[in-house]
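So that you can tell them apart, the chains are marked A, B, C, D, E and F in the order they are listed, and the count of residues begins at 1 in each.
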Amino acid sequence: MSPPKPIEYREASPAVRAVFDDIKTSRKLEDVNNFWKYLANDPTTLKRTWDSVKEVMAPGALDPLTKEMIYLAVSVSNGCGYCIASHTAAARKAGMTEAMFGEVMAVTGMANETNRLANGYRVPIDPAFDR
Amino acid sequence: MSPPKPIEYREASPAVRAVFDDIKTSRKLEDVNNFWKYLANDPTTLKRTWDSVKEVMAPGALDPLTKEMIYLAVSVSNGCGYCIASHTAAARKAGMTEAMFGEVMAVTGMANETNRLANGYRVPIDPAFDR
Amino acid sequence: MSPPKPIEYREASPAVRAVFDDIKTSRKLEDVNNFWKYLANDPTTLKRTWDSVKEVMAPGALDPLTKEMIYLAVSVSNGCGYCIASHTAAARKAGMTEAMFGEVMAVTGMANETNRLANGYRVPIDPAFDR
Amino acid sequence: MSPPKPIEYREASPAVRAVFDDIKTSRKLEDVNNFWKYLANDPTTLKRTWDSVKEVMAPGALDPLTKEMIYLAVSVSNGCGYCIASHTAAARKAGMTEAMFGEVMAVTGMANETNRLANGYRVPIDPAFDR
Amino acid sequence: MSPPKPIEYREASPAVRAVFDDIKTSRKLEDVNNFWKYLANDPTTLKRTWDSVKEVMAPGALDPLTKEMIYLAVSVSNGCGYCIASHTAAARKAGMTEAMFGEVMAVTGMANETNRLANGYRVPIDPAFDR
Amino acid sequence: MSPPKPIEYREASPAVRAVFDDIKTSRKLEDVNNFWKYLANDPTTLKRTWDSVKEVMAPGALDPLTKEMIYLAVSVSNGCGYCIASHTAAARKAGMTEAMFGEVMAVTGMANETNRLANGYRVPIDPAFDR
C-alpha cells in the first residue's frame, strides 16, 4: 500500500544506470533529480521519457531557455508543484532572470484569464485566422 | 436565451470605441478581433482586459515573440479553441516559423505528459530546488 | 464506430421515460435537453445523475440563481462548450441579467489568472487561513 | 476562519453513522477514510456521494480493478493529491501490480501529451469516427 | 536557484508600499496576505493584479459574497491549494455559512461531473440555447 | 496565417512515409488518421510520438482494451474533442461494448466530482495510504 519509492543509483539495474549516466552526462549533474529516480520504478517509461525529453529540449529552432520557460508556463497552468519547482530551477540555470520569471508568470496568468473569457463569451474564430 | 453577440464599431458606445481605437492603433489592425467585440458587451471588462493585455504583452525582459509562444502553449494546454487560433496567428505575425511552432507544440505536449508522471509517482521536490 | 445518439421519448424504455417525465415536470419543459437524451443510453447513469442534479440544484442555503452562476463559472473554467451554453441559458432563466453574466465572467477570468500566479510564485498558505 | 475538520464516528449524527457503517461494511474497513470524515460536514453530500460511488464502482461490465485504474488515471490527470494517494491504494487492494501501475501512468502521460498535440494542430475529426 | 521569497512591508519599495497600503485600507487588514507579498517581487504585476481584483470584486450586479463563492468554486475546480484556503477564508468573512460552503462544494462537484459526461457523450448544443 | 494542414501520403517525404507505413501495418489500416497527417508537419514529433504510442499501447501487464479505456477517460477529463472521438472508436475496435462505454463515462464523471470535493474540503492524506 506504500507510495512509489525512489530508486538510487547504487541499487539500480544496469538498464536504469545507463539512463541515469546519460542524464548526468548530458545535464552535467552529480546526481539525477527525484523525477528520474521515481520513474526508474518502470525502466521502460524511464528510458522513453528521458529520450523524449532529451530530444524535445535540445536546441533547435528555439533555444533551451525559451523551451524551459514554455515548460514552466505549462506546469504553472496545470498546477504541478514538482514541475513548477524543477522547471523554475532549470529555467534559471538556462539564464532566466528575475524579470523574465515575472513576465512568464504575467503572460501565463493573462492567458489563463482570457482563455476563460473566450470560453464564456463563446467567441467564434475570426475567418482571418483560418486564411 | 440567445448567446452573446459581437458589438461592432458602428453600434459601440464612445467608451467601447475608445478601446477599439487603441487596439487598432497599437496592433496596426483595420478592425478588432472577435474576442474584443464580444468582451465589448461589458465595457468595464473590455477596458481592463485590454489594458492588462497591452501591458503584459509589451516588450520587456522577454520579446513579443517569446510571449506569444508562451501564450499559445498555455492556450493549447487549456484546450481553448479560439485562443489557439488567435495566438497561433499572433505568434506567426510576431515571427514564429513552422519549425518554431513545431517545437512549441513538442514542448507543450511533453510538459503535459511529465506533469502527470510527476503527479502519479508523487515525486517529492528535491531539496536542491529550494536552496 | 458511430458516436452516441440521443434517445427520444417515443423510443425510450419505461425507466428512461420515468426520468424524462420527472425532468419535464420539475423543470416545466416540453422536452428534455440533449444532455439527458444522450445520458439515456445508460439508464442507470441517467437516473443517478438526474437525482443528484435535482438534489444539488434545489433551493437551500443558496438560491437557484446563485447555484446556476457557480455551475456556469465552473463550466467556463473547464471549457465545456455544451455546459457553457446550457448553464448560461439556465442561469438566465433563473434571473441572471446581462450585468450579472458580465460579472460572473470577470470573476471566473480573474480566479483563473490568480490561481496560476499563486501556483507559479509557490505562495505558502497564510497561518491565519488555518486558524 | 478555520478549515474543514473531520467528523469522527463517536461525534457523528445517526444519519452520518448510518453512512459510515455502510462504507465500513461494504469496504470491509475498520474505519472510513478521511474523505468521508470531511464530507460528513454536509450529511446530504456525504450520503449522495457514497450512494453514487457505491453504484458506480460496483462490478458490472467492468471489473472493480479496471474501474479503480480509470479513477486513478483521471485523478492523476487532474492533479488531485488526495485522490491519487487513495485510489492508488484502492487499486492495489483490488489487484493492481507494480507493472500495471507503471502502465496506467504511461498511458495517462501519453494521453495528456497527445491531447495537447491534437489541440495545438487543430486536428479535425476523421469522418470515419462518426460513421 | 531559490524559490520566490515574500517581500515584507519594511523592505518594500515606495511603489510596493503604496499597493500594500491600499490593500490594507480597502480590506481593513493589518497586514497583506502572502499572495501579495510574493507578487511584490514584480511590482508591475502586483499593481495590475490588485487594481484588477479590486475592480472585479467590488459590489456591482453581484454582491461580494456571491463573487467570493464563485472565486472559491473556480479555485476548487482548478485545484489551487493556496486559493482554496484564501478564498474559503474570504467567503466566510463575507458571510458564507457552513451550509453555504457545503452547497458551493456540491454544485462545484456536480458541475465537474456533468462537464465530463457532456464531453464523453459528445452532446450537441440544443438549438433552443442559441435562440 | 493559415492553420496547420494535413500531409497526405502522396506528398509526404520518405521519413514521413516510413512512419505512415508502420502505422498502417501495425494498426491494419488503409490510411492513417488525421492526427498523424497533421503531426507530419513536424517529422521529428511524428516519429517520436508514434514510437511512444506504439510502445505504450502494446499489450503488457494491461490488455489493449483497458489501455484504450484509460486513454478515453483521460481525454474526456481533459475535454479534447478529437481524442474523445478517436479513442472512443479505438476502444470500440478493441472490444468496448456500449455497457463498458457507459461505465467508463460514469467512473470518469465520478472521479472528476470527488477530485473537487477532496480539493474543496482540503482532505489530508490518510497515514494508511503512505504505509
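Assorted remarks:
Methods note: a residue touches a chain if its C-beta (ideal position, glycine included) is under 8 Å from a C-beta of that chain, and two chains touch if they have at least 3 such contacts.
All values reported here derive from a predicted model rather than from experimental measurement.
The chains that touch both chain C and chain F are A, B, D, E. Across the assembly, the mean Cα position most removed from that of chain D is the one of B. Put simply, the chain farthest from chain C by mean CA position is A.
Chain geometry summary: the mean Cα position of chain A and that of chain F are 21 Å apart.
Look at where the CA atoms of chain B average out and do the same for chain F: the two points lie 27 Å apart.
Multi-chain contact residues of chain E (touching two or more other chains) are listed as 1, 3-4, 41, 44-45, 48-49, 52, 56, 77-81, 85, 88-89, 99, 102, 104-106, 108-110, 112-117, 119, 121-122, 128-130. Arrangement of the chains shown, judged by which pairs touch: all-to-all, with no pair of chains left without contact.
Across the complex, chain B is touched by residues 72, 76-77, 79, 81, 84-85, 104-105, 108-110, 112-117, 119-122 of chain D. Contact residues on chain A toward chain F in their complex (touch as defined above): 1-3, 44, 48, 52, 55-56, 128-131. By the touch criterion given at the top, residues 79, 85, 88-89, 92-93, 98-99, 101-102, 105-106, 109 of chain C touch chain B in their complex.
On the side of chain C, the complex with chain F involves touching residues 1, 3-4, 41-42, 44-45, 48-49, 78-80.
Against chain A, in their complex, chain B makes its touches with residues 3-4, 33-35, 38-39, 41, 45, 49, 52-53, 56-57, 60-62, 66-67, 69-71, 73-75, 77-78, 80-83, 85-89, 97, 99-100, 102-104, 106-108, 110-119, 121-126, 128-130.
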